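Note sheet for the following structure.
Naming follows writing order (A, B, C, D and E), and every chain is counted from residue 1.
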Amino acid sequence: MDITGAFNAVLYFAAVIYTFAFVLYGVRAIRGPTTADIILAVDCLSFDMAAFMVILGIYFKSIMLASGAIILALWAFMLDIYYTKYVLYGEVEV
Amino acid sequence: MIASFFIFYITVTLFAIILLGIYGLVTRSNLIKKIIMLNIMGDGINMLLILIGYRFVFPVFPPIYEKHVTFEEFLARAVDPIPQAFVLTAVVIGMAMNILLISYAIQFYRLHGTVDARDIAEIMGGKSK
Amino acid sequence: MNPLKRFSPGTFAAVLAVYLFYTGSVSKYDLITGFIVALIVSFLIGHWLIENDLKLLSPKRWFYAALYGLRYFLVEETKTHIDVAKRIFTLKANPGIIRIPLDVESDYGKVLVANSITNTPGTVVIDISDDGKWLYVHWIDVSTLDEEEIKRKVIAYFEEYAKRIFD
Amino acid sequence: MQELHLIILAIVVSFGFVFSYLAMKEHDLLKALALSSVQSTFFALGFYILAAPDIVLAYLAIAVGAYTALVILAISKTERYEVGE
Amino acid sequence: MKRDVFVSISFLMAFLLISYAITVKDVLGMAENPLRPLGGFYLRHAFAPSNLTSHSPEVVTAIVWNYRGFDTLFETFVFFLSIMGALSIFRLTEEQEKEARSLESREPHRHMDLITRATTKLVVIMIVSISASIALHGHLTPGGGFQGGSAMAVAALLLFAAFSKFTLERKGLTLGHVITAYAFGLALILATAIAPVFLYDGRLLQINLLPGETGLLNLDVGEYIAVTFGFLMVFLVLGISEWIFKVILRGEIE
């Protein structure tokens, strides 16, 4: 079997699975009864998005486009910390 | 054929997002909410500008010259760099505008205890509806 | 504080490594700019990230870290995944929050233990006490309340390795 | 091949529309901010598909990072709930 | 109520009109998207071997700082003005500042727990070196001064949230130092913009007279410093607690 074809098939499969995961996280983000649920959904969505970006980068054979993924994974961390601090203390900085 | 359908779908949805942003900006009365909607509108506009500069060819290149492609191929496949430069400026200016608007809102809340546009109209002597 | 005392070779190496990794190329320009950036960062906040650089040089710690990684990702993850998958199908769960004493001294050791616990399915670290001596863990199956037993079941071998790697 | 880009872009834009509508309807500002940051994340993917890595870097840092922090700060200093009609 | 109906109907009309214009008339020219002539010019000349070159394979940075350099220069000043506006809104007189300091000393340090702090240290180091990489490689790979600066600002925000503001102020990140660093960044940009006039008898911002890629690199680094410390300044001022401001401003209102 052609190795490139098999590789492409795996990539397609992964992309479809990730799109499905977006939908599931999206449902949680829409329905989530508390704000914490929404934030958790946003967090997971961001990390999934980062992985999806890397997959697309492999598919387009362009390493330049993969730099955004690392950044996105780091920024989601910051979003969580800010939300947590707001819930814990009511005041973000200080 | 199917490609042109998707192009039209994307463009129309982007316009819908822009109009939604304007609608929220007009009808919501909380100032912070207005700022959020303003940003959504700005995002839609930025995306539309980038889409106008996009090329519908398959291996599409970002406007960065890499050594392993020939110059002719690069010219044939790279997207238009001008909208990207515009949008880069717009994103940063948008953030500067956000800083200014949010500091206005916070200071107004400190002085008068409200960020609701209707209450602001009353405080400033106008008539609220 | 004496600026020379602040300098930390460990931070220098870490910053240079991340810089080159992100850039994705090793040319003369990259090496020079990366060197300058790493120098600035490690002089400004070097002592703050890594307190004792000598620990980085010990090969025993690196060996244990590699061993821990292998054992954790190959053995423990598989075991707990199978366990939780079984619980999903049989609907047997007895969730609750427990308190676990910690013996590790260093901060990074505590972080390693806490993150290892959170990463295995079924257990989530909720809080750590202010002095860093107690972990509060949500556990899917509170089968026992005995402290030793809990420690053996939840922490397993994480703490021994954390002590060997970081203390 | 070309269609794949456009399909992903269509999905991204649809998600963006849905989440911006929800953000408009939400009265809890913190939830609205979280929903609008979902929209920002999807738009970042959209910029990425549109071959604009420069914009992706700037947009991610600003729209997901700094802007969110700034608005959370503003919410913590003012009111969390929007007064209804 | 009546107003809402009017607004909704007018928006629906606008939407239908735009949809008609796009789908039937194709006003944006999306159906087949050729490269526009000006874009082609920039693509062709940004890294050409002969004249009109800006020595940069990254065409966006070349446009932003070289072909449309004045635009970006004034954009930097717009950014500067907005930050100065925010600072002047939150300004305090000298006595008020002293009062704020004394009130702040009584406030608890709300830092987060041990795990978050230790993780934040690692993440911050990563963000700092990545942002430096983005900024210094602005003219070779995607990135540039703005991107790196905003990334670095996010690192500072993380530090603010995980540790407390007072911890950083004790370590020397006070408002005075931050303003000094911001001024340094702006000075670097201005010096690079003016340098060709004195050194090579050129025009203002004619940075391709400078040897190699020095001009682009300098502008990127200056922008990096300026954007980082500009954001940081705003967040340092916004970080003062709300009750302190209420105590201080009460005297002013009454």
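Quick note on the criterion: a contact is a pair of C-beta atoms (placed from the backbone, for glycine too) under 8 Å apart; a residue touches a chain by one contact, two chains touch by 3 or more.
All of these numbers come straight from a predicted model, not from anything done at the bench.
Counted as hops between touching chains, the shortest connection from subunit B to subunit D is 1. Any chain bridging subunit A and subunit C, meaning touching each of them, is among E; the list is complete. Set against one another, A-B and A-D show the most C-beta pairs in contact at A-D. Mean C-alpha positions place subunit A and subunit D at a centre distance of 13 Å. One inter-chain figure worth recording: subunit A and subunit E are separated by 25 Å, centre to centre, where each centre is the mean of the chain's CA atoms. With centres defined as mean CA coordinates, subunit E is found 19 Å away from subunit D. With centres taken as mean Cα positions, subunit E sits 34 Å from subunit C. Counting partner chains per residue, subunit D shows two or more touched chains at residues 51, 53-54, 56-58, 61-62, 65-66, 69-70, 73, 75, 77. Taken residue by residue, subunit A touches two or more other chains at 64-65, 67, 70-71, 75, 78, 82, 91-93, whereas all remaining positions touch fewer. Touching two or more other chains at once are residues 22, 24 of subunit C. According to the touch criterion at the top of this document, the contacting chain pairs are A-B, A-C, A-D, A-E, B-D, B-E, C-E, D-E.
Residues of subunit B touching subunit E in their complex: 4, 7-8, 11-12, 15-16, 19, 22-23, 26-27, 51-56, 62-66, 74-75, 78, 80-82, 84-85, 88-89, 91-93, 95-97, 99-100, 103-104, 106-107, 110-111, 129. Looking at the complex, you find that subunit A touches subunit B at residues 60-62, 64-65.
By the touch rule above, subunit E contacts subunit D in their complex via residues 58, 60-61, 134, 142-144, 146-147, 150-151, 153-154, 157, 161, 231, 235, 238, 242. Across the complex, subunit A meets subunit E through its residues 64, 67, 70-71, 74-75, 77-78, 81-82, 84-85, 88-89, 91-94.
Residues of subunit E that touch subunit A in their complex: 107, 109-110, 112, 116, 120, 123, 126-127, 130, 134, 141-143, 151, 154, 157-158, 160-162, 164-166, 235, 238-242.
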